[in-house]
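So that you can tell them apart, the chains are marked A, B, C and D in the order they are listed, and the count of residues begins at 1 in each.
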Amino acid sequence: MKKFINQVDDVLAESLTGFASAHANIVSLNLEPHFLTRRHKAENKVAIISGGGSGHEPLHGGYIGYGMLDAACPGHVFTSPSPDQMLAAAEAVHAGKGVLFIVKNYAGDVMNFEMAAEMLPFESATVLTSDDVAVENSTYTTGRRGVAGTVIVEKVVGSLAETGADLAACKALGDKVNSRTASMGVALTSCTVPAAGRPTFDIGDTELEMGVGIHGEPGRRREPMRNADAIVADMVAAILEDLKPAAGSEVLLLVNGFAATPLMELYLLYNSAAKLLQDKGLNVTRSLVGNYITALDMAGASITICLLDDEIRQHWDSPVHTAALRWQR
Amino acid sequence: MKKFINQVDDVLAESLTGFASAHANIVSLNLEPHFLTRRHKAENKVAIISGGGSGHEPLHGGYIGYGMLDAACPGHVFTSPSPDQMLAAAEAVHAGKGVLFIVKNYAGDVMNFEMAAEMLPFESATVLTSDDVAVENSTYTTGRRGVAGTVIVEKVVGSLAETGADLAACKALGDKVNSRTASMGVALTSCTVPAAGRPTFDIGDTELEMGVGIHGEPGRRREPMRNADAIVADMVAAILEDLKPAAGSEVLLLVNGFAATPLMELYLLYNSAAKLLQDKGLNVTRSLVGNYITALDMAGASITICLLDDEIRQHWDSPVHTAALRWQR
Amino acid sequence: MRTEFILEAITAVNDVILHSETELESLDREIGDGDHFINLKRGCTTLLAMRDELASLPPADVLQRIGMKLLSTIGGASGPLIATFFMIMAKVEKAGDISSLSEIAAAFNASVEGIKQRGKANAGEKTMLDTLIPVAETFNRLAAANATPLEIFNAIQQTAEQGMLSTRDMIATKGRAAFLGERAIGHIDPGARSSQIIIHTICELAKQHHTA
Amino acid sequence: MRTEFILEAITAVNDVILHSETELESLDREIGDGDHFINLKRGCTTLLAMRDELASLPPADVLQRIGMKLLSTIGGASGPLIATFFMIMAKVEKAGDISSLSEIAAAFNASVEGIKQRGKANAGEKTMLDTLIPVAETFNRLAAANATPLEIFNAIQQTAEQGMLSTRDMIATKGRAAFLGERAIGHIDPGARSSQIIIHTICELAKQHHTA
């Protein structure tokens, strides 16, 4: 394992400190317990808090700021944060209108946020993101994972919250975006958890892992490596089979890198996916390409499609000012 | 080699097409010859054109837009573009006030841009960037390479051009920024040029290459891998020895990833470098952390320091709206 | 339950977890995300550092503090589950001294019920519950039948091992392994294995106490 | 110079370059950026596709078109340098038919001078010029001394090889290898090698013509 680190135990604190100091005009860092908030507390709005294991940067800290999150709770690498972090973060950013937790659907995250919500002295609600179609959904199981669609949920709900909408409305919009969003991921290499010091899985030079999440866990299938168009076709098919969009539907297309795949390849994947969607009669009107939710140093990418409607499009387009996502229209 | 590509020969065109379609509100792509311009031609300003081999994304296409470049000419991977590209791009964006080429100092880039300038029917000037302190400067040699400092030059000169400043003023500011900027790079892995299909150099699990550029070329020295603080100390020492800043100097600190190094590590490097500069009595008032000028799929990072003054700071802070760099103050 | 015994157990469990690094890490790497050992180690290290401060407290407070501390230290899926176990233990102990083995068995059972509720899971889902649920059942049954302590501890150890091993052939429906579908078959669940190791260790300690 | 000979040379050079893939690629990987072969191949492929269109043109136009086409096709450092070579050749040919070997030698010399100016480089800097400059010198000297064509071509081939080999022990001061400092020692310059291969091939072709 070659990584730019000092001590394995200090990676998180040092990286967070660097993040907070590089973006001191946007965020503030609290160290005991770990949480990040906006530099200037927002008033008169639902406080939007997310969090989860670290190693997915820029998620979630990079999405703190106007139009998106009020606070984020980073856990250890790939490990859910603990309820004391959520409680302290909520204490810091609650502005009288309740707290909305945006939580990726993993047993650990769900339970830790749930316990925090139970202990919270404020009104709260939770949006669980579960956009990963690699995992079959069922009421008897943990259900689908939350992956790159989480960024879209955070952006859209963050925008609504900025208008002063109440907790129920924010929760409802979050659930709606989640239900209209589906993702599929593919890995070309494993990642290496710093504390483990070796790749989570071994993979050959002619293989890929189809249907991976964002924690270096093996995917649904080990498959032979093939060209980009063929990979994209399989991913898009899985997504569309889930979303079943009507012909002519307007969609947002997000091609997300897991960290070690260069932009040149991500844009090539975008090109391939956008053409395919067009051929299938869909209308790609919004897009995002880059490393938005990563898996440490994994090479690979995910494709996410969100079915837009006027409300979602409007909140996607509205201004956002965070470390990792920023626009003004 | 595992990459998301179809045919090796189509990588560039497909990736550029994806880029242009994902950012259709900012850029337009011309395919024969390859060049990118702003979506809406700017008037009454010096046309700022950059370019160079591909594989460094988001450089340069990602920096087209308000406050930065008017056009970019992408060559094949790691291969300088040819003069016909610069001529066609200049024809498309020239707005009556001349053309400023921003060129990274490599023999190929210098000669191709030089021939373009000789054939150009408009007034032109060239800023050569040469911020890489790994290479000793000398009038008898090719001299230093242009690396991550190029992004700072493009941002600052792009801002000045937006005010309507003339060609001489833009050229002078570019040269000034370049002379006040120094970089040093380190690689943990090689990159793989798609057409070559194998890593440019082999490197062991306990080694690093110190003093690398952005083309997968070996660095100045093969050294033992060590912790982040020790690596940063060596890089910063080389940079400061070159810049020799006065105590209390105000600096911009750019920690740039070469593509495969995760943000978590880049922020950790930033933390380490920022602390070190503070200890040395320097005043880090501006920062940038991320993958801004990359080397295909290389793991590694560079540190760049730019000595700010009022003029440079002002043009750094001014609004910019490109695919890869965007702010509003 | 005695504070002294709890403190001894902390040391013993810490030792055995540290010795299981390679195994636990690779189990979680195979069907999870590889951090189960680190998570447990973080918990153990913190408890070890708390021993002096716990030594003078009554058992209910000790259990409650352990629960709260583990809740804020372990994180992940195992954090809230293990913490819940201790927090319920603390509540039962607070309600009335737990001293007889059948009282301990009942408290254990209540705590495992808490884990089931927190994780919305049951036996057969390839989780730590496949160790814990049969152990609770064996413990209660033998304690009610007035078995000797040695018989009880031996039976618990055996049940824990069987439960842990039973996860090997399961498809997971809860936890990260659920994402793998069929691919999880053939791998023992890391949480089932760590619970079994911990239970085994505490039973060994209890046997020493009962024979000493 | 005859158009027909130029077209034959294009085919022959294309063949030999394609056969040198591994070698040229690894030379440029060692002290450059690994693309020298690809750059040349791109140039060759384009010229090959142009042959029909060139066949009816006078040599000066052929050389000029080759120069312009290579300028827009090769890119990198070698693109403008090789293009410059042809563009000057074209200019000299245009100014007055080049036919005798000493006229060709003088034109070659002028073209190499053009490369020196464009690249601001000279002999001893570990570039293609370490092949080209001595070749120009040998060519002119022997042509002036009225050596036989065979003597001249043999001498050129030998000089090119020596020049190419001489780059091995040099520190580079121009081109990408200059960034490597001492680390470039022990490696032959890719451009010096490709020029030598091309010169060798054209000399072979010329020898066939002169003996035929």
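In this text, contacts are C-beta pairs under 8 Å (C-beta built on N, C-alpha and C of every residue); 3 or more make two chains touch, one makes a residue touch a chain.
Fair warning: this is a prediction, and the values are worked out from it, not measured in the lab.
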Ask   = By label order, what chains touch chain B and chain C together?
value = A
Message = Please give the groups of chains connected via touching, computed with chain B left out.
response = A, C | D
Note = Averaging C-alpha coordinates per chain, one finds the centres of chain A and chain B separated by a number of Å equal to 29
Ask   = Any idea how many Å lie between the Cα centroids of chain A and chain C?
value = 32
Separation of mean Cα positions, chain D and chain C [Å, integer] = 76
Ask   = By residue number and range, which residues of chain D touch two or more other chains?
value = none
Task = Name the residues of chain A that each touch 2 or more other chains.
result = none
Message = How are the chains arranged in terms of who touches whom: line, ring, star, complete or other?
response = line
Request  = Can you check the complex and tell me which residues of chain A touch chain C?
outcome  = 33, 53, 75-85, 106-108, 111-112, 114-115, 134-136, 138, 140-142, 145, 193, 195-196, 200-201, 213, 215-218, 220
Key: Touch list for chain B against partner chain A, complex   = 1-7, 11, 14-19, 21-22, 54-55, 57-58, 62, 188-189, 205-206, 208, 225, 227-229, 231, 255, 259-272, 274, 287-289, 291, 294, 296-297, 299, 301, 321, 326-328
Message = Touching residues of chain C toward chain A in the complex: what are they?
response = 25, 29-35, 38-39, 42, 71-81, 118-119, 173-176, 178-181, 183
